[in-house]
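What follows is a set of structures to go through.
Shared between the two complexes below is subunit A, which has subunit B as its partner in the first and subunit C in the second.
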Partner chain A sequence: MSPRWSLSSLSYRVLGLATVIFLLSPLVIVVWLSFGSSPYMAKPSLDFSLRWYEEIFTASRWTGPFQHSLIIAAGSSVLSLLLATPAALGLAKAQGRRAVGLNFGVMVPFFMPGLILAVGLLMFASRIGLSGTFPGIMIAHSLWGTPIAYLAIRAVYAGTDTAAEEAARVLGAGPLRTFFLVTLPSILPGVAAGALFAFVISFNEFMMSLFLTAPRTVTLPVVIWTSLRYEVSPAVAAIASVFIGISVIAVIIGLRLVGTRGLLQLTAADAVKK
Partner chain B sequence: MVEAATTETSGGVSRASWARLDRVWLAVPAVVLTAVFFVIPILFMGRISLSVHESGSAYREGTWTLDSYVTLLTDSFYLRIFSYTLGVSLLVTVLGLALAYPIAYWINRSGPRLKVILLFAVIVPLWTNILVLIYGWLIILSPGGALNDGLMRLGLIDAPLRVVYNTFGIVVGIVQITLPYAILIIAAVLAGIDRSLVESARDMGASRLKAFLHVTLPLSTPGIASAATVIFVWSMGEYASPQLLGGSAGKFVSQEVSSQFLTAFNWPRGAGLAVTLFSLIVLILVVAQTAARVTARRSAA
Partner chain C sequence: MKDASAESMKDRVAPPGGGATTPDLEVQGLCKHFGSVVAVDSIDFTVDSGEFVSILGPSGCGKTTTLRMVAGLEEVTAGRIFIRGRDVTHLPPEKRNTAMVFQSYALFPHMNVHDNVAFGLKMRGVAKAEIDDRVAMAMRRVRLEGYEKRKPSQLSGGQRQRVAVARAIIVEPAILLLDEALTNLDRRLRQQLQLELKELQVELGITSLFVTHDQEEALTMSDRIIVMDEGLIAQNAEPSEVYDRPASAFVAGFIGESNRLDGSVVAAGDEACTIRTDAGLDLVGVHAGHVGHVAHVGRQCAVMVRPRAITLHAERPAKDNVIEGVVKLWAYKGESYEYVVTLPGGGDLLVSLPRREAVFERGDRVFAAFDARDVIVVERG
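Our next item is the complex of A and B:
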């Protein structure tokens, strides 16, 4: 019995470790390359330099798109929260056909590939004058930001007790007062996590940005795309490392906000909870 | 709204209205976003796919034709693109599940500290821009890159391996991108399985492997199915990986959609391709959903 036990328990650990190495190796190699001085993309070396970081934080071809990305991610995150918070409050504890239908209506863009959304919006946005504008791309990104923020807030709100809200109402508080003084404080971790998720999704999004941005709104991922396709500068490795750094910080904040269980459930919830 | 909030002060009244207020309607603004910026564009795309192509102006307004769909069905070029996309997506799905399950199982069995570390290692790549991941694989897999360099220095190979700019490269890229989702979905389902079921199987004399094969694995099939759906749907619509890591072996549908829109400027054909891809994805999602519901009902009965 025991040899088989140790063999099987060892095997999933070994396979798991191999998967971790597979998942992290592109990140490690990019960060390594970004600190080198070689002007070529190929292999990392052992010399250390910060010249590529100096370039990305000073050259306008990188700093401009960086600013656009931040503006768009912030705007899209706010828009997503404004739409997702009421939806989560309305649907978290609701049952019945209507609730299922509305839930589907909120979630459906989340399952669509970026390309489909991008192509559809390309033809539509030029008609209504949103093509190439900041609001246009913010709205596009909130198609993914709203569902993810909705999931985060819904998960937290579903675990709260409505007694406090009802008490506030009985004592004469209006719906808005009740929301700001009672409901909002209790769902704040969900709102913060939702804002974070929506921000990260928008900051990383590339397909819709490729189709919908103009030179004055172009985002960092689109610049990376162009650079990867036409001339690979090691400055891309420095930019890529900035993305990795932001991802690491976001995951740490996310773990703080909703914990390991919350993060696990949230990422899996959309596919499992149906 | 604000007026109602300030005037409505009597306790009894507001309590009653609180109960009466149908709060599901709070979801309407979010649904309007979906309707205006997802449903209408899709309908618009469907309409354009039925228009006549006119060189110079993308499409001619007000015309009706089935040309783009006839081309898609009769030209073997498009058949090849769809079958290549489907084939690679199936391969990616099988590989992804095989890699995701062991680590998901490990995450579920590990203590709190190791669990945080493993989740961290899975979620950081999930939240990293996919172009950054692809860039990393380009550095590793390119003919003069880290992998070939290392293997040649160790004397294991004489000439660089062809591991990028072909189907292999695409598979590595899409597996890398979709694997974290699959792992988290399977781990979440495994976490929901009642450990006492496995333990009672062990108590009744089942070996650890047998208990796994007859209890844990069947109970985790909903997770495997969801993970497979997510990987497959993602792969079907993937653009960046085939474009940057693929080669002349084949083309993905999304690459052709993009080149019809951005280079050939043939909107009806691009829209026709996109509508076909969209319908395929919806079909897969509906089938997966129905299958999940049927199995859930059967296991409940």
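Our next item is the complex of A and C:
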């Protein structure tokens, strides 16, 4: 038997812990600052207060954009599902070069820089009168929401027995009833996870929102950015903490639904296919 | 069996203008191409009312594709499919009145057993009270009473397959399709379910088309076996016929063990024919039945002999065919002994003796003997 704390395993643990601390410390400091009472973003102190949380949930300069962000995230999440679900089901059965191409087509916006998409979308959206509107920014965000929802749904669909759909057809259910009675219930965890991921991506998105929102649709990240140019208020830290909280919860729930292994397997399988 | 089938047929639709002679399933010139690959190459067959027909063949022979075309899960490239006289070739699966049992069970995981079994009736708009009655009856038929509220994940493999069977028979399909339905189960359970399924099929008189790669399963369960090879039907006959008089070397090799000796016909009379093997042995076979067309002089052919048809002797016996050889090895197989005898001019003969009548050891000179009627003469291939 090797000793439980061998030198190499110990050094790995230390290294791993250091990495986690390095990655998480900015988040910890932001959350810490949000609970301070000082009106400036000074170094963290030990006096505890909820005044900044009170402000962000009551002052209209924050609550308006907060509502916009929620509306946009919800809308873009729904839109992403409407696009991703048929794509995931259709491409799961497709084979050959064309399927690889289509798969690539769904995934590629996810890897495009937000700035590039934003510039393109701005020109496109102003042409058709969508610039500064809710639908415009929802469509923009679904460019990122769709690929992530697509991945989640495909991961779950890959683990289901598609013969069940065939069994339903043979037993007398048409394509629509088969989808709603058999397919949809079995991919529901993936759909839910996809909805969550798409929601969080939209909620956090900054670059496209900066270009595509107007004052009546402006989102929280954009308001934070504009406010930071004039003052550095700990209210921003409070908002940031809310963002961190929502993102962490969504990712935990989402991964529970899809299963980390399922998602990893799927991305690995896709990589091999390409 | 006939009475039971007549009773269960009382609410079935009579085939249009057909009467009793219309088969429940008729397939004409059925073809399926996947790109340049020919999976099914223009096959014809029928399944009569109440009949249990197996399609047997190795993987890739086109048997599952054929079944899926009958179900409507695969489009046909050419040919026509009739179910009870109605042309269903281009109908979607839900309009064909079939039911299918899948190798993977294919139960609906989010529904409990009751809802799984009730699914087909719900799709047909049957009233709830009647659904409950018929589900209860179907559950009794497959001996799963009391499991209605369970989810499929809470059942064993055998129980899941019973649910799948109940879900299929409850809709009283024109034809029940079974795709390797028992393959995923372990050996003992499979044998038990074979008998249960066969009993149920006979009792209800359900016309069935069963796809399997397991020759033993096909022999046990079928009224008729369709042997497929490379998209074609190699033989379509009763199990005993397929076993005793295989139509080709492929069928003989696929169903049961047999020794194969290639040769050509050197004499063909009315009663018997003589085949000279490539190694120079002369064998006498019966010139009969559908193998007759093989047996004209000069024709190349293959001779198949079952291991159980051969006996071994220390002295030359008075039999139709006697080949002298040397025992290469032997093995104890429980109910039988197996010998491998090396033949003059090369090649081995597998011999199965019911018990160790005569003790031969490695290197012993023996005479392998078999009757002319046990010689199966088939075309090479």
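Operating definition for what follows: the second predicted complex is superposed on the first by the 254 of 274 C-alpha atoms of A that agree within 3 Å, B and C clash if a C-alpha of one lies under 4 Å from a C-alpha of the other, contacts with A are read in each partner's own complex, and residues count from 1 in each chain.
What we mean here is this: a residue touches a chain if its C-beta (ideal position, glycine included) is under 8 Å from a C-beta of that chain, and two chains touch if they have at least 3 such contacts.
Bear in mind that the values here come from a model prediction, so they are computed numbers and not experimental data.
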Touching partner for A:Gly174 - first (subunit B), second (subunit C), both, neither: both
Contacts of A:Thr19 with subunit B and subunit C, given as first, second, both or neither: first
Subunit B versus subunit C as contact partner of A:Ile29, first or second or both or neither: first
Partner chain in contact with A:Glu166 - subunit B first, subunit C second, else both or neither: both
Which superposed partner A:Val182 touches (first subunit B, second subunit C, both, neither): second
Partner touching more residues of subunit A, whether subunit B or subunit C: B
Partner chain in contact with A:Thr146 - subunit B first, subunit C second, else both or neither: first
Subunit B and subunit C footprints on subunit A, overlapping residues: 166, 169-175, 177
In the complex, subunit B residues that touch subunit A: 1-2, 4-6, 8-11, 14-15, 18, 21, 23-31, 33-35, 37-38, 40-42, 44-45, 48, 99-100, 102-103, 105-107, 109, 112, 115-116, 118-140, 142, 144-146, 149, 176, 179-181, 183-185, 187-189, 191, 207-209, 212, 222-223, 226-227, 229-230, 233-234, 236-240, 243-244, 254, 257-258, 261-262, 267, 270-271, 274, 277-278, 281, 285, 289, 292
List of subunit A residues in touch with subunit C within their complex: 160-161, 163-164, 166-175, 177, 181-182, 185-186
Residues of subunit A touching subunit B in the complex: 1, 4-5, 8-9, 11-13, 15-16, 19-20, 22-30, 33, 41-44, 82-84, 86-87, 89-91, 94, 98-99, 102-103, 105-106, 108-109, 111-117, 119-124, 127, 139-140, 142-143, 146, 150, 165-166, 169-177, 200, 203-204, 206-207, 211, 221, 224-225, 228-229, 232, 236-237, 240, 243-244, 247-248, 250-251, 254-255, 260-261, 263-265, 267-269, 271-272, 274
Touching residues (chain side subunit C, partner subunit A) in the complex: 71-73, 92-94, 96, 98-100, 102-110, 119-120, 123-124, 164, 167-168, 171, 177
